[in-house]
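Next come two complexes, and both contain chain A; in the first it sits with chain B, in the second with chain C.
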Partner chain A sequence: MKPYRMRPGRLIAKAILALAGFLAVFPLVWTALNALKNNVDIITRVPRLVFSPTLANISYILGRDSVLTGLCNSVVACGSAVLIGVALGLPAAYAVARYPNRFAGDIQFFVLSLRFLPPVAVAIPLMVIWLQVGLYDTLPALIVTYSLLTISVIMWLAIPAFQGVPKEIEEAAFVDGYGAYSVFWRIALPVAARSLIGAIAFSFVLVWNEFLIALMLSSSNAKTLPIVASELSQQGMNVPWGILNASVVLLSLPPLLFLGVLSGFLNSVFRQKKS
Partner chain B sequence: MSAIVCSHVDKAYGATSVIRDLNLSIEEHEFVVFLGPSGCGKSTLLRMLAGLEDISGGEVSIGGKVVNDLDPGDRGIAMVFQNYALYPHMTIFENIAFGLKRQKVPAAEIRKRVEAVSRTLGLDPYLGRKPTELSGGQQQRVAIARAMIKTPKVFLFDEPLSNLDAKLRNHMRVEIARLHQALKTTTVYVTHDQLEAMTLADRIVLLKDGVIEQIGSPAEIYRRPGNLFVAGFIGTPNMNFIEATVSRAENGWTLNGARTVISIEGRGFDLQHGERAVLGIRPPDLKTASGDAGGNLLLGTADLIEFHGNDALVTFGSGGKEISALVPARECPELRAPVRYAFDEESIHLFDVSTGMSLRKRAN
Partner chain C sequence: MRRRSSLPVTFLVPTLVILLVLSMVPTLYAIVIALQNRELSTTGYSWVWCANFADLFFDRRFLNAVWVSVKWEIVTVVATMAVAIGLGVLMFEVAGPRLRNVYCLLFIIPVLLPRVSAAFVWKFAYHPLYGIATYPYRLITGGLIFDPLSKPSTALFAVASVDVWQWGLFFAVIVLKLLETLPPQPIEAARLDHAKRWQIHAYVTLPMLKAPLISLMFVKMIESLRSFDLIYVMTRGGPGVATETLDMYAFSQGFIESGKVSYASAMAVLMMIATVITFTMLWKRVQA
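For the complex of A and B:
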């Protein structure tokens, strides 16, 4: 009797899920399709699913120097910031998680508070600082600034990940004769790896998509891809929708690639060598 | 030479004192069990031996060497944890070999020793698997293998069986006992299970609130509990306690309490006229008495009967006290029938009411 009565409820639930899935995926699919359309096919009153595809938008995007520079800047700035975030953030998170002192709580709060502030409140002072230092509109300025974000996000997410590693496992390694650093490398990192990958990926996506700070810290040389992409829509009355969509696709690919590569890479690093 | 010596050992977390002025020496090849209720400091003491907790005061030496400031890896110990603490990302082989790798033992020898140890513990089929693919008992065996392979001076076990189900626990207990017979490695074993303590230990160290209540062989602790706490903690079912007033009589002493008068010769005890004492009798020491039997008797009406198989635990009210007797099942009375139980003077224990200390004369 019960499954029979459950049926309408399940149907409704599935319908809602399907609708939510559609809402999430459709704009992405539509953007990808639009990137392959001529402008005529995009601005038509009746949306077209069947059209003659063109690579003109994509080749236009890839052919523009500003886009390639932006892509380069984005990859270097975000990549370096994530590397710095990993190199400094993970050990810091481990220290806070495993060797808490009286400042541990304050450190955690401070790290989190960097994300509480409205980005403008952070961006304006940073802009002034970099102008004074003479590094305004350079990649190093962007890398250092983004490192602040990646370190804080990685720490924030990695502290609970390290706390989730059973303490006895680390103690067993101490009894086996290993020191604190070996325990971090050989036990804590691999055991927490799954959650840490998430933390690192999240920090990458965050800085990759970052717009406001990049906008305020760059005028020409250090522009990142989101800035360049947004500029494409400001070229007069006639909005080049196809080109805009193509740039969005270009913008979305690296984080996806990064996620795939990163998870595969970390898996292979921490898989024990067969002796 | 003693394998482990603790002298005046203290442990405090801030203002809270967990272990106070503890003195203990453990002989070589001995199997010592730290037993006590939860929170008595037994695990803390073990972790101090292992080097996982700082020693707040006093001195701990292992194998004649003071180890207070040595890292766990340099103390010549191996430890088995309650939740096994296997390295989840390594295979069973790597788990067992991890300690040897640190000691820079050549790979060929590591392989030989891991294979030997895993054969002893029946682990050879699982060497390539990950810990999560093993059952609880197998994981515990891996943890023991990991400890064994280092051929330590001392084995430390921290409640190793409490995560296993009852049947497996019995099985592993026997395995640990066999292992100790074979290896003769000095062992310190923490448990709150008195059955484990009684069956495994050469000596039991009974702890309460960070203080040693009594040290002795299982038989000593069972037969001659040094105080009320030990008497109440050791033995299942629990010892019966009856408060009584001691008075001198013609041929010895009488104990007057719970509306019964008990006469004893009292040669084994230090008694004083008029003092208050606690009389302790273990339930198995109460024997069913025939209708015309004389001597010391406890009378009452059976109000609860628990059938244990061979035996039955009869609980009866006597002078406002609940008393239990463990009798052979065939002697089991009807519920609410009057019962009479006799006991020998040899089987009684007497304690001072105020201090709780045993009133038994010290053996010279």
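For the complex of A and C:
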């Protein structure tokens, strides 16, 4: 691309971009720094960049039972819901992608429309239902509820991923005598694997970040990490800022681990579109 | 060979049945609860049919919540699309391939954060005395206090800025990827006609991307419905009722203030009907 515009315009454009890039990460970096500060260094009128770091906040967070329980609950609830989503969503997506029938459009719309449901509208009746069957405030209740999310999201994203698998490969496998199921297991799944992993990671991030349903379906035993973190902030006016910042960092780390996978997923989606 | 397989049935039917059960049971039950007068404190209840819905229309806080929700939708969707298109075009114009990759990575980070985290990060940043985002204001004015989250006129925008921070930057990446998928010939042709850069985008590239951009806006409209986490952490609907959206009001009616589960459910049902109808119509239009 040959630059033919005057310099100042490009310079301003670059400055705006740099500023946006800075704004994207700086608040997070600042939170991470605050997690390493003593309260004295946080409560200052002029923000302090130079301070003597402390690990007290982080060790306090990791030492609290409520935080560890929340972490365990989050891992178990999200992990199981994603596994269920994979087990039910991937095969269904493959069937829609490869065996088109006249309901395919309606099925896709139905799966998408689950996303239109306001979370409150799902959470209130579910709370009453779980209370009645005695499963309120338990992990199974949360897992079942989250499965609705993971199945629909994985299915929605996996349909294009399976459609992206070259048909010729599958046809060749049929000619070689593979059955329909072994084509799915041995051909479609491995070939589409990269996009599928992106879809699965996305569904994990989605339920990991979920707040409202977890808030309504748990009161003490089944609290997930976001709930525990939000409760830490309600300890009166004398907020332990460093501890709060540390808990925000802990909560944010798992989704950020998927940064690479998800940006690769985005790239592969658009490369498919281009070709 | 494909035709005769049992695969579509065995793969599709169980999943669809489970999805249907998991979605229809709460949906129908929400309607049932909305027609009763259940409360959290007592176990007994009776049928009141449409009384809850009738009450809603005379509840000024509910009408306020509707208005706040509409404002929230408009502000976040418009701002997100503006930021996304602006930054996407800028990246396309002035950033080389390597720099684009760096920006793409940076811009995806905010949206991956749990909304609770994002809300906390910015709640600290907006703190009037110690916040990093209000620091420039304190510096310039010599220590005056600016508290965006507790002023009714700015609170909604302060919360919305966090939403745009998460989604606008992320969508900028998608807009860039969309621009990259365009064939270069029309752009070259416009350039040969001495079109200015902004003209190329306003009249050539963005119109070519109309369909995907509308789908993107559609996605954002759906995601904007999930404002609860941000508002719950940052303002709890306050100051007063300035940021009380429908889901926040339903939650506080049902669980914080009075435990009127049925009343809250009536609100949720109205919301559900409104969103399902609106989005179904929009979706059919987008597809057509």
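Structural remarks
Note that in this section the second predicted complex is superposed on the first by the 243 of 275 C-alpha atoms of A that agree within 3 Å, B and C clash if a C-alpha of one lies under 4 Å from a C-alpha of the other, contacts with A are read in each partner's own complex, and residues count from 1 in each chain.
One rule holds for everything that comes next: contacts are C-beta pairs under 8 Å (C-beta built on N, C-alpha and C of every residue); 3 or more make two chains touch, one makes a residue touch a chain.
Computed from a predicted structure; not experimentally measured.
In the superposition on chain A, A:Ile169 makes contact with chain B only, not with chain C.
In the superposed pair of complexes, A:Ala56 makes contact with neither chain B nor chain C. By the touch criterion defined above, A:Leu68 lies against neither chain B nor chain C after alignment on the C-alpha atoms of chain A. Of the two partner chains, neither chain B nor chain C is touched by A:Leu83.
A simple residue count on chain A separates chain B from chain C, and the partner touching more is C. Once the two complexes are overlaid on the shared chain, A:Ile197 sits clear of chain B and of chain C alike. Contact with chain C, but none with chain B, is seen for A:Pro27 once the two complexes are overlaid on the shared chain.
Shared-chain residue A:Leu135: touches no atom of chain B or chain C. Contacts of A:Gly179 after superposition: both chain B and chain C are touched.
Shared contact residues of chain A, touching chain B in one structure and chain C in the other: 174, 179, 270. Per the touch definition, chain A reaches chain B in the complex via residues 166, 168-169, 171-179, 182, 187, 190-191, 193, 270, 272, 275. Listing the residues of chain A that touch chain C in their complex gives 5, 9-10, 13-14, 16-17, 20-21, 23-25, 27-28, 30-31, 34, 42-47, 88-89, 91-92, 94-96, 98-99, 101, 107, 109-122, 124-129, 144-145, 147-148, 151-152, 155, 174, 179-181, 184, 205, 208-209, 211-212, 215-216, 226, 229-230, 233, 241, 244-245, 248, 251-252, 255-256, 258-259, 262-263, 266-267, 270, 273-274.
Against chain A, in their complex, chain C makes its touches with residues 1-2, 5-8, 10-12, 14-16, 18-19, 22-23, 25-27, 29-30, 32-33, 38, 87, 90-91, 93-95, 102-110, 112-117, 120-125, 129-130, 132-133, 135, 138, 143, 165, 169, 172-174, 177-178, 180-181, 196-197, 222, 225-226, 228-229, 232-233, 246-247, 250-251, 254-255, 261, 264-265, 267-269, 271-272, 275-276, 279-280, 283.
Residues 50-52, 71-74, 77-79, 81-83, 85-91, 94, 98-99, 102-103, 107, 146, 150 of chain B touch chain A in their complex.
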